[in-house]
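You will see two complexes here that share chain A, one where it goes with chain B and one where it goes with chain C.
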Partner chain A sequence: MNDLTPTPQERIAKLKGLGTSRKRVEDARFTQGKGNYVDDIKMPGMLHGDFVRSPYAHARVKSINADAARALPGVIAVLTAADLAPLNLHWMPTLAGDRQMVLADGKVLFQGQEVAFVVATDRYVCADAIELVEVDYEELPVVTDPFKALEPGAPVLREDLAGQTSGAHGARRHHNHIFLWETGDEAATNQAIEAAEVVAEEMIYYHRVHPCPLETCGCVASMDKVNGKLTVFGTFQAPHVVRTVASLLSGIEEHNIRVVSPDIGGGFGNKVGVYPGYVCSIVASIVTGKPVKWIEDRMDNLMATAFARDYWMKGRISATKDGKITGLHCHVTADHGAFDACADPTKFPAGFFHICTGSYDIPVAYVGVDGVYTNKAPGGVAYRCSFRVTEAAYFIERMIEVLAIELGMDAAELRAKNFIRKDRFPYTSALGWEYDSGDYHTAWDKALAAVDYAGLRREQAERVAAFKRGETRKLLGIGLTHFTEIVGAGPVKNCDILGMGMFDSCEIRIHPTGSAIARLGTISQGQGHATTFAQILATEIGLPADSITIEEGDTDTAPYGLGTYGSRSTPVAGAATAMAGRKIRAKAQMIAAWLLEVHDGDLEWDIDRFVVKGAPERFKTMKDIAYAAYHNAIPGIEPGLEAVSYYDPPNMTYPFGAYVCVMEIDVDTGTHEVRQFYALDDCGTRINPMIIEGQVHGGLTEALAIAMGQEIAYDEIGNCKNSTLMDFFLPTAVETPHYTTDYTETPSPHHPIGAKGVGESPNVGGVPAFSNAVHDAFRAFGLRQAHMPHDHWRIWKIANQLGLHG
Partner chain B sequence: MGTKMHIALTVNGEAHELLAEPRELLIYVLRERLNLTGPHAGCETSHCGACTVEMNGKSVKSCTVFAAQANGATITTIEGLGSPDSLSVLQQSFREHHGLQCGYCTPGMITRAHRLLQENPDPTEEEVRFGISGNLCRCTGYQNIVKAILAAAATINGAKEAAE
Partner chain C sequence: MIAAAFEYHRPAHLKGALGVLAEYGDDARVLAGGHSLIPMMKLRMAAVGHLVDLQDIADLKGIRVAGGRVTIGAMTTQHEMIASADLARAAPIIAEAAVQIADPQVRYMGTIGGNVANGDPGNDMPGLMQCLNATFTLVGPDGSREVAARDFYHSAYVTAREDGEILTQISFAAPTGGYAYEKQKRKIGDYATAACAVQLTKAGGKVTSAAVAMTNLADTPVFSDAAGAALVGTSGDAAAVKAAVTAAVAAISPTGDNRGPAEFKRHIAGIIIGRAITRALSRA
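Up next is the complex of A and B:
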């Protein structure tokens, strides 16, 4: 040892492993405009495809005349349902056990529905040809309200389901009914509520929104008829699942299909589903023998692919008069649109909505969810949340506020009184989830202290008094949230998508000179996997993160995985990465033992090397071992250093957080200003604090959008009113506030490195925090519940209805 | 299909001539004819700014500029702002301050920030936020983008002062 021998701290720092704010490896190409997104792909002879879409929300398609379109120079083909029917591809299965039209088969059920697919030599010819396709529609009565859809005389939407009294999730009681999904003990819950000293009842609506990633959905399908291989590049959050579905639908053997997700310009759930554009592009490529590109424009994206939410949540919550919660009852009317295309694990048609007991120790609860068809676009994806978890968090965090009003209690105190105590974990909720870990009181106290909660309440009381004296027209809202998520789907025993268990995978190859490549079944859409998964591995195997390439998204090379959504990458693929790393280390230990001529039990792992116990000068670094693995004939050990792990998580993970939003509201204009936003997240072990903070900023801004203005609304004849960025609110840098982030760290006990996932927490916690701030500002004037989005007009209306405009 | 017109334009210092329908949008001229795929189409209605390029010294949304309007123009895209061997201060600053995630808005955002710092070399945070309000980002919540632009301005101004 001498002065040049690196210290353990220096060796750890060199790895840039867990806990390091490592700069992102992705950024070099993105900052130079050298990303490779699907619309950047150009192939020789490539054609463009685009849709003729329905202007009507409900109509019979009497005829389609594409003669003029076909006659236009440059048009190669116009596909209709009649062309797809012989292939049995005019309909396709959805992820939710329903089926969906690929192209209008006799009728259309929502505005923007795909009617015909035009294939032409370039996108301009395509657009011209679309104008020339004549479709004769006969309008039918429209229903866009899920409650009206269930009335006896409501129009029949899904004629293809005539006479079917049960679907994929049980009995259907009406022609527009999809399923009733129930869990918990309804009788006991009703009993608890009826016997309670205090009951609060409220309808909480979480409106229809859209993930709206900046890059829309699209693909390039290329059928190579010479070697029989189909390649599909696309914006897929789950490329392996797309490959399997493509094989099942097309009959092409799975080994002859290669699905590639290149760089993805944001997903947020929008890119989980399988869309008609993918199917039509593949068919068109098979028919023409040429690559076919389909790229949505923004209007297509907002009108037709994968909305989120649209949950009408009727809640009853009961408590003792001193605020101990005794029961929770929730009935949801879920508007699924024209086809049930929700992206949920098969056995959970309402996703994990039954996490809706939240952070609270609620002795008895019941949830029932009625799925309903309406003349709206299909979808129901998890927009920056695990399956229906944001709906659940919004529901319980609003119900807590309503209960606080009913009790005349401070909402922070009511929460603290009902939190699941630290010593109760693992905790089984009344609706059956086993919460793995948590320390809610510590997080809550830290958050309240950080914002000087008592001081804020004093200021608020003074403001109300000043308002009543006519000295100010601004009110102060303090929006509180303590959320608990359930992410990391999930255990194969109860989580699957189309029958595929929701494990994930990692395959590692160590190169002779001590660098490595790892491939995963997930796919980054901006989360920075190439940066963070290398950090997990660096700590596990002692090679610098900078020497580890992470590759995802190519089904020909990556091991099978279920993809990236529902904050599952870190909990599931991150665990697979750690486990594969440990397999590498186990073999490395045997090699080191041979090299050092000791028994492998005499070695211990030390940051980046195996050291002989009691003799620290005798060691072999992982780099030495990698070289030996390829150069030495070691008795009883195969050459090479590779490992693969398929990780089936034993449980979900349960990230949580405490958020406080302080909002100024102008009573006369309905405008608001977020004066302070404090976000404390506990995502267990923190892999890269810089990336976590970035995720929190982004998720909060999506939450701001949802709570304060974003919506997909329809008029009574089914026109989508928010189909461009003129009408669909995405906050700019001006509307977006400054955020303060903080954390506690409660590792997951069952995850190999204790990580829980964080990407979606800020959206799940942020929406109720912003919304509760609006409600809280008007609490002193009698407001109990006002539906989102809280845009200026709606806030003005609240003030007006409360008589605050004089 | 309309009649094609002859269009000459200079992009990132290089002269190009091509035949295009007058209605063809500048974003597709850049992306599909000149293979400059840095600028992205995000909305085709001028709202998102992913397609931002510099045309004759002004930031424009190339998704709503016709090829015909770009005839004779001098254009700079993200590809013209730095090279792999010498990243611009802004490009480095976006990486340093984690001012990007999925990367889709990034070329437009940096191209806009570049012009903003030409127009206002020492902006306040408020001026930066207003100055990039034509560029949407769905991932970052802007906080680190603003930080990256302010840091880049400080670096550029510091270097200028040191040179004086």
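Up next is the complex of A and C:
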């Protein structure tokens, strides 16, 4: 040893492994405009496809005349349901066990629905041809309200389901009813609530929104008729699932299909499902023998591809006089639109909504969810959250506030009184989940201290008094949230998508000179996987993260995986990465033992090397070992250094957090200003603090959008009112407040590195924090519940209805 | 979101532009910054066979302040107006309003001429021009004429401009006294929920002149004589402001949209007008 020998700290630093705020390796290309998105793909002879879409929300399609369109120079084909029917592709199965029209088959059920697919030599010709397709519609009565949809005389939407009294999730009790899904003990819950000293009841609506990724959905399908291979490039959050579905639908053997997700410009759940555009592009490519590109524009994206939320949640929560919760009952009327195309694990038609007991130790609970058809776009995806978890978090965090009002109690105190105590983990909730780990009181106390909660309450009281004296027209809201998420779907025993278990995978190859490539079954849409997964591996195998390439998204090369959504990449694929890394290390240990001429049990792992126990000067680094793996003939050991792991998680992970939002509200104009936002996240082991912070900032901004303005609304005849970014709220830097981030670190006991996933927490926790701040500002004047989004008009309406405008 | 095919003309002189308009009649439209027209064409809500791009016509650009009068060429962009030191001195209300229009990208392209000629009740410049009592110069095949901003707007997208005419410049007397442009919008890039321009003068503790005009609260900009009159001769006290607000609100007829229903806008208008007047008074 001499002065030039790196210290252990220097060796650790060189790896840029776990816990390092390593800069994102992706950003070099993104910040230089050198990303490669699907619309950047150009192939020789490529054609373009686009849709004729329905202007009506409900109408019979009496005839389609495409003669004039076909006659337009440059038009290659116009596909209608009649053309797809012989292939049995005019309908397709949805992820939720329903089926969905690919092209209008006799009727349309929502505005913007795909009616015909025009294929032409360029996009301009497509746009002209679309105008020339004559569709004869006969308008039908429209229903956009799920409660009205269930009335006896409501229009029949899904005539294709006539006479079907049961669906994929049990009995249907009405022609517009999809399912009733129940869990928990309703009788015991009712009993607890009836016997309770205090009961709060409220209808909580989480409005329909849209993930609206900056890049819309699209694909390029290319059928090579010579070698029989179909290649589909697309904005897919789950490329392997798309390959399997494409094979099942088309009959093309799976080895002859290659699905590639190139760079993706945000997904947020919008890019999980299979859309008519993909099917039509594939069919068009098979028919024409040419590559066919389909790219949505913004209006297509907002009107037709998957929405999120639209849950009417009727809650009853009971407690003792001093605030100990005794029961929770929830009935949801879930508006699924025209087809049930929710993206949930098969056995969970309401996703993991039954995490709705939240962070609280609630002895008994019940959830029932009625799925309903309406004349709105299909979807129901997890928009930056695990399946229906943000609905659940919003529901319980609003119900807690309402209960606090009923009890006349401080909402922070009520929460603390009911948190699941640290010593109760692993904790089994009344609705059957096993929470892996948590320390809610510590996080909560830290959050309240950080914002000087008591001081804020004093200031608020003074403000109310000043308002009443006519000295100010601004109110102060303190929005509290303590959320618990459930992410990382999921254990194969109960989680699957179209029958595919929700494991994930990682395959590692170490190159002879000590660098590596790892391929995963997931796909980054901006999360920075190429950065963080390399960090996990760096710590596991002792090669620098900078020497590890991460590759995802090409089904010909990546191992099978279920994709990226529901914060599942780190919990599942991240675990697979660590496990594959450990397999590498196990083999490396044997190689090192041979090189060092010791028994492998005499070696121990030390950062980036195996060291002979008790003789630290005798070691082999992973780099040495990699070289040996390819150059030495080692008796009893195969050459090479590779490993693959398919990881079936034993449980979900349960990230949590404590958020406080302080908001100024102008009573006269309905405008608001977020004065302070404090976000404490506990996502278990922290892989890259900088990326966590970035994820939290992004998720909070999406939460702000949802809570304060974003919506997909329809008028009474089913016109979508928010189909452009003029009317669909995407915050800019100007609307985005400053965020303060903080953390506690409670590792997951069952995850190989203890990580839980963080990408979605800020959306799950952020929405109730913003919304509760609005509500809290008006609590002193008697407000209990006002539905989101809290745009200027709706906040103004609260003030107006409370008589604050004099 | 792709416009139908059109012919593109790019004359270097006003005469050439007028010639194309004369030749193709209402199948031709002039193109300024394109930030109102092109979205309409992409949505195929406007069908234009011949687009006459004015950007090469040098005469239509520029800001001149001389002899107490401000003249702005129609093709001057909102960004150029914000950046102009002359304008900042002569009529600071212009920049105060212009920075509240859309976002920087739009303001680099959007022009004063396009903004006032468009006739969209959501545009901010028309109300402001009425407040300043500006004059628009229109040049057509038969020569040039002047129309007061206060007479220019008939209903949404219907103005005093004939199809064959081009708006070449706007001009107004450089204002003095206090001013304010107050606007409520949902976010950056949005048109007004309610907006109000106020320009007033005070002497000897009394308001001596006052002009109040509003944006997006009817199908045209709304200039309220009565609101100005309610202020003139007063000290600008709370009662006078209230009377002016009442008068101004009486002149509007907002309609509901995604920003909210009419009654909400009416209330917001009152607040915004009040704030604009108060701020203008504080600067007078």
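What we mean here is this: the second predicted complex is superposed on the first by the 806 of 806 C-alpha atoms of A that agree within 3 Å, B and C clash if a C-alpha of one lies under 4 Å from a C-alpha of the other, contacts with A are read in each partner's own complex, and residues count from 1 in each chain.
Definition applied: a residue touches a chain if its C-beta (ideal position, glycine included) is under 8 Å from a C-beta of that chain, and two chains touch if they have at least 3 such contacts.
Predicted model, so just to flag it, every value in this text is computed and none were measured.
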item: Chain B versus chain C as contact partner of A:Glu702, first or second or both or neither; value: first
item: Partner chain(s) touched by A:Arg123 [first = chain B, second = chain C, both, neither]; value: both
item: Contacts of A:Gly806 with chain B and chain C, given as first, second, both or neither; value: neither
item: Partner chain(s) touched by A:Thr31 [first = chain B, second = chain C, both, neither]; value: first
item: Chain B versus chain C as contact partner of A:Ile691, first or second or both or neither; value: first
item: Winner by number of chain A residues touched, once chain B and chain C are compared; value: B
item: Touching partner for A:Leu214 - first (chain B), second (chain C), both, neither; value: first
item: Contacts of A:Lys721 with chain B and chain C, given as first, second, both or neither; value: second
item: Partner chain in contact with A:Trp793 - chain B first, chain C second, else both or neither; value: second
item: Which superposed partner A:Gly251 touches (first chain B, second chain C, both, neither); value: neither
item: Chain A residues contacted in one complex by chain B, in the other by chain C; value: 123-124, 128, 297-298, 725-726, 732, 734
item: Residues of chain A touching chain C in the complex; value: 123-124, 126-128, 131, 297-299, 668-671, 709, 713, 721-722, 725-727, 729, 731-732, 734-735, 791-793, 796-797, 800, 805
item: Touching residues (chain side chain B, partner chain A) in the complex; value: 1, 21, 23-24, 28, 31-32, 35-45, 47-48, 50, 77-79, 82-84, 87, 91-92, 94-96, 98, 100-107, 110, 128-130, 132-146
item: For the chain A and chain B complex, residues of the former touching the latter; value: 23-24, 26-35, 37, 39-40, 42, 73-74, 123-125, 128, 212-216, 263-266, 268, 297-298, 525-528, 690-691, 693-695, 697-702, 724-726, 730, 732-734, 736, 738-739
item: Interfacial residue positions of chain C with respect to chain A in the complex; value: 1-2, 4-5, 44, 103, 184, 186-191, 193, 258-261, 264, 267-268, 271-272
